[in-house]
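Read through the structures below before going on.
Note that chain A is present in both complexes that follow, paired respectively with chain B and with chain C.
Right after this comes the complex of A and B.
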């Protein structure tokens, strides 16, 4: 076959018509090298050095930045906030996603429109969503605050985003609103792909909705759920936009996530420590994802 | 039907209730919600902390503000600038009033010289990040830097001394530029670090007193002249008006934002404290420092609870929405409060800030810190040593800080305060000193405060940018929301981090 190809294209250079895969892999390899491996290697180099921001001299500092991070209470706190944020949003998005997907998995008239409407939150830029929720939760002007005050859930003296006990929930509300439809769409696609036979057999045996859900739908959907959870976990763990738009990590450090903290350190030109924080984040995220993949037995 | 006609608090709620009760149809419901969305979007844009609050360039286009660059200056620009025609000058800045005005007027410069000027306007923290990256990497992406006084020392090795540049390149020196027209106090406070001049004064936001004259008159209150009187008037206003949704004062107390540092330093200095002592050690937790912090914490009781989530833009909005009786804050708020969409247009007056309870002498402070209640947040425009077109950039830098442009910047309604002495006396500036959008009637208070009560942060400390942005406002933010147990604990946390960051520069 390769001889025939060469025969048909005598004007092409020899390397382009060869059977060897290298020419075809080279562009992708170059991209990975430029945009993946080099930045990673440079980050590792940065984390092992200390730059004097005033003399502009880099000095090898070994693991000093790494040691500093694990003794840095703000880093520990931001890691805890990130974990709390990730787990809480994930639980809400999975539970709501399954529930809404089950509700929308219907062929009756109008459901197609509802499914299409579910995509709307996904096209709004996260920073704009953050601003919308910032305004809705504003103690003076916010419609959400207004109603929560009416029912006594929020005190006028402690606006949602000014109270360390509620601020993270306020930020998470934006995330849950925006990304639950993503779960819904993925799960809906999974639901549509499930075979009908097991349900027919279960119906003959007299199984109810909950029994079908528990013994058929969720087990058969588990791989789809696992992939969706994996994608969202990665996204949630590096959350930045909503925090930036809504609280800037405050009040105090109540909503300061790891990526926001790293960004703030970067913003004051402490590139070495910021790189270290980013690498720690990468390591944590990789460990979590690989463990999850193992436990969920997901293979790509 | 306009969104403005409705109370922002209840518009969406009322619409939803009307729809649920079948008083309006589905179409009307969607239409109103869309209008609310647009309205909120516009309103939201001021809440990101990315933009300085001012009422827009309300007088842009009027003969007063838009007189063209004087003929002699245009002739000089044409003569000298043509050799750089085709080059591009890049500048990144916060949306400060003079930057926005420069962005609007730059076409005059471009037409005369053939030099293209690209002004990139981004939030303050991004300006720092971009300028830092450019300087640390010696990239030359930007020809001009916007340098907030809090960061000046950090960029000391990266910029030309403009006075030396002016002397060394007489062929590029603007005739009649007049260095002496810049207030010496401003030059020292804004553009100087460790004795070296780094840029030209460009912006001078400074704390003055802005108050609701109608409320003062209603309750028979006199303009406070001392700090104690300020607190008494705050309490009186709060007690009398809180039932009407008006708080005694307001603030910019968002945790982790530089604005919180600005508020704290004003109260610290006004109570006789300082950030550093003469030995260049943190002194914010000495007796005077703790008094200043307690003063601020007491004031917080008379502010809207949301003040803890606001930076300067939220603070300005709160005054413009009529939520505060008075405030000591940035004078550049005033032109926007006096017109446009402001609910207090024509009701506000500006005055000098009250006299400090006690004052520490600059000699007893460290790193060129100058205590005074009139906290200045000035900035300079500086010429990058890594610029690929330094001469073209230098021409623009002179033009944008020239007498004519500075005076015009002050009159187009952007809230720019003059950095030149002559601007305060400029006929166009004086003509605009009447109530209305873009007013300059607060300039006497600004000028007096610059000359008599201007407080400046430690501009000789290169790590001050990190301390002022990433240490003080974070720890104070934690204190304000109860994450830190006590003021002493918060100050101890600030002290340990500040002393560590300042250690390499203690000398």
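Right after this comes the complex of A and C.
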């Protein structure tokens, strides 16, 4: 530090100057406080009250909403649908993402274009993606249904999205299509940043492609994969748009995810219970992500 | 991985097939937007040999009434007003640009702070910021619905901008921090030895070096706001962002697939251009700082 600075009488305490992290972080935290924390507190308040149907006043009801949620079979079902949705999509997106990233990580001509084209699904609004797959999977005129019927994978009597056993897969197809490219993008970035030396050493030792993949690439990429999985888990668990556009939770409640159920409760103006359901989601997601970060030893 | 000529060709073929398979839904979507209404539903599906039409674009973007276009025949009614979507495009642009700018300013300052100062609880601070994204959209929307009502922000551009900024902050901070981390701290130190203040270092030394990262982050923020659906749906009635507008074309009397695909295709154009422009920086910066040991 120069003597000029040391000699100056400080006008401000150090934590108010640019040499302390606080002023740098303060604007963001002000934003989070106003539009993140305050709404959260409001949600908690809502979840501890019930609206009196006649006076239309929120009355304190303790944990009644929470107790109601844990006895609510529809909530439990939607939780199971959400978990199934999240895990299935994660597996597909991670496996496909790794495979495609390895495939496209090549310096030859044309691969730059392929990588650019691969990112295009990312820019489609999810609500539009939902409609896109709805159009393709329609039982009567869908192009995807047509070919699947042709090879006998789908029966004409049971369209993909109208059959409780296949509807969730139909919705997941949209998610997997849209977000596998996100995995590819992150993993390509990771692959680019890997050191070259271990591969040269392995080549001298005569290691094959699969050996390199298993013993070098995947271990070195594990941190990138972990962060990508974390971000995807957060978004998958809150899935709403595809369900809204494609099935509205049906047939029956076969594709009703937590977000969608909470949205439906919100729609009938039961704000207190909708807030409770969202808070349960938040708690579950926080616990899952925090545990995952600890287990995967991710540091920022 | 060099391999023989045959192996290289095989790889090229597989790579193109995979990418084309991923592009097929987009291709089918854009194709439907220029098909005459009946051709959309043809079985077996038609790829060529239909009379291409710009009618769907004329109705959604051009604001023409379908009845005039069809010379007064046809079952569908509903004039220009309900399908005309240029105001939606304007609303979406205002909200996306506004929230991108705000998120970028807040996240740049914060991630510079997180990148340049030693903090004991840094992991927890980052997790706390990331946790803002874990709020289900409903959980954000319910309280904001009431708060905005009290503040007079309901159904306003500013309200949506604030909500989208909050959603965008976590990813923006994570991304920008990794870009800042790539700039060696020694640069800051030598500039400060030369008498620069911390803020001058930020503005004149570090910021110019992460321009590409800023662009990539801005594009991602823009796309997330441009495509966001649920919060826009719940917080607005008069303002209609594009994703919300499109879903209104699914009506109780039928789904206007021609108009949906036209507006849906048009809505992709700005994001396509932006993401292709920052491709290079995205592929370099999306490691999210996670390669550090």
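We take it that the second predicted complex is superposed on the first by the 269 of 300 C-alpha atoms of A that agree within 3 Å, B and C clash if a C-alpha of one lies under 4 Å from a C-alpha of the other, contacts with A are read in each partner's own complex, and residues count from 1 in each chain.
Keep in mind that, in the parts below, contacts are C-beta pairs under 8 Å (C-beta built on N, C-alpha and C of every residue); 3 or more make two chains touch, one makes a residue touch a chain.
Bear in mind the structure is a predicted one, so any value in this text is a computation, not a measurement.
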item	value
Touching partner for A:210 - first (chain B), second (chain C), both, neither	neither
Chain B versus chain C as contact partner of A:140, first or second or both or neither	both
Which of chain B and chain C A:223 touches, first, second, both or neither	second
First, second, both or neither for A:266, with chain B first and chain C second	both
Partner chain(s) touched by A:275 [first = chain B, second = chain C, both, neither]	second
Partner chain(s) touched by A:162 [first = chain B, second = chain C, both, neither]	first
Chain B versus chain C as contact partner of A:151, first or second or both or neither	neither
First, second, both or neither for A:24, with chain B first and chain C second	second
First, second, both or neither for A:131, with chain B first and chain C second	both
When both partners are placed on the shared chain, which of chain B and chain C touches more of chain A	C
Shared chain A contacts, counted only where both chain B and chain C touch the same residue	128, 131-132, 135, 140-141, 143, 146, 245, 266, 271
In the complex, chain B residues that touch chain A	8-10, 12-13, 40-41, 43-45, 47-49, 125-126, 128-129, 132-133, 136, 154, 156-157, 254-257, 304-306, 308-309, 318, 321, 323, 462-463, 465-466, 469-470, 474, 477-484, 504
In the complex with chain A, residue positions of chain C that touch it	1, 8, 11-12, 14-16, 18-19, 22-23, 25-26, 28-29, 32, 40-45, 105-107, 109-110, 112-114, 116-117, 119, 122-123, 125-127, 129-144, 146-147, 162-163, 165-166, 169, 171, 173-174, 177, 192-193, 195, 197-199, 202, 223, 226-230, 234, 242-244, 246-247, 250, 257, 260-261, 264, 267-268, 271-272, 274-276, 279, 282-292
Parts of chain A lying in touch with chain B, wherever the complex brings them together	51, 53-54, 56, 74, 128, 131-132, 134-135, 138-143, 146-147, 156-159, 161-164, 245, 247-254, 256, 264-271
In the complex with chain C, residue positions of chain A that touch it	1-2, 4, 17-25, 27-29, 31-32, 35-36, 38-40, 42-43, 46, 100, 103-104, 106, 108, 110-111, 114-129, 131-133, 135-136, 140-141, 143, 146, 177, 180-181, 185-186, 188-190, 192-193, 209, 223-224, 226-228, 230-231, 234-235, 238, 240-241, 244-245, 258-259, 262-263, 266, 271, 274-275, 277-279, 281-282, 285-286, 289-290, 293, 298-300
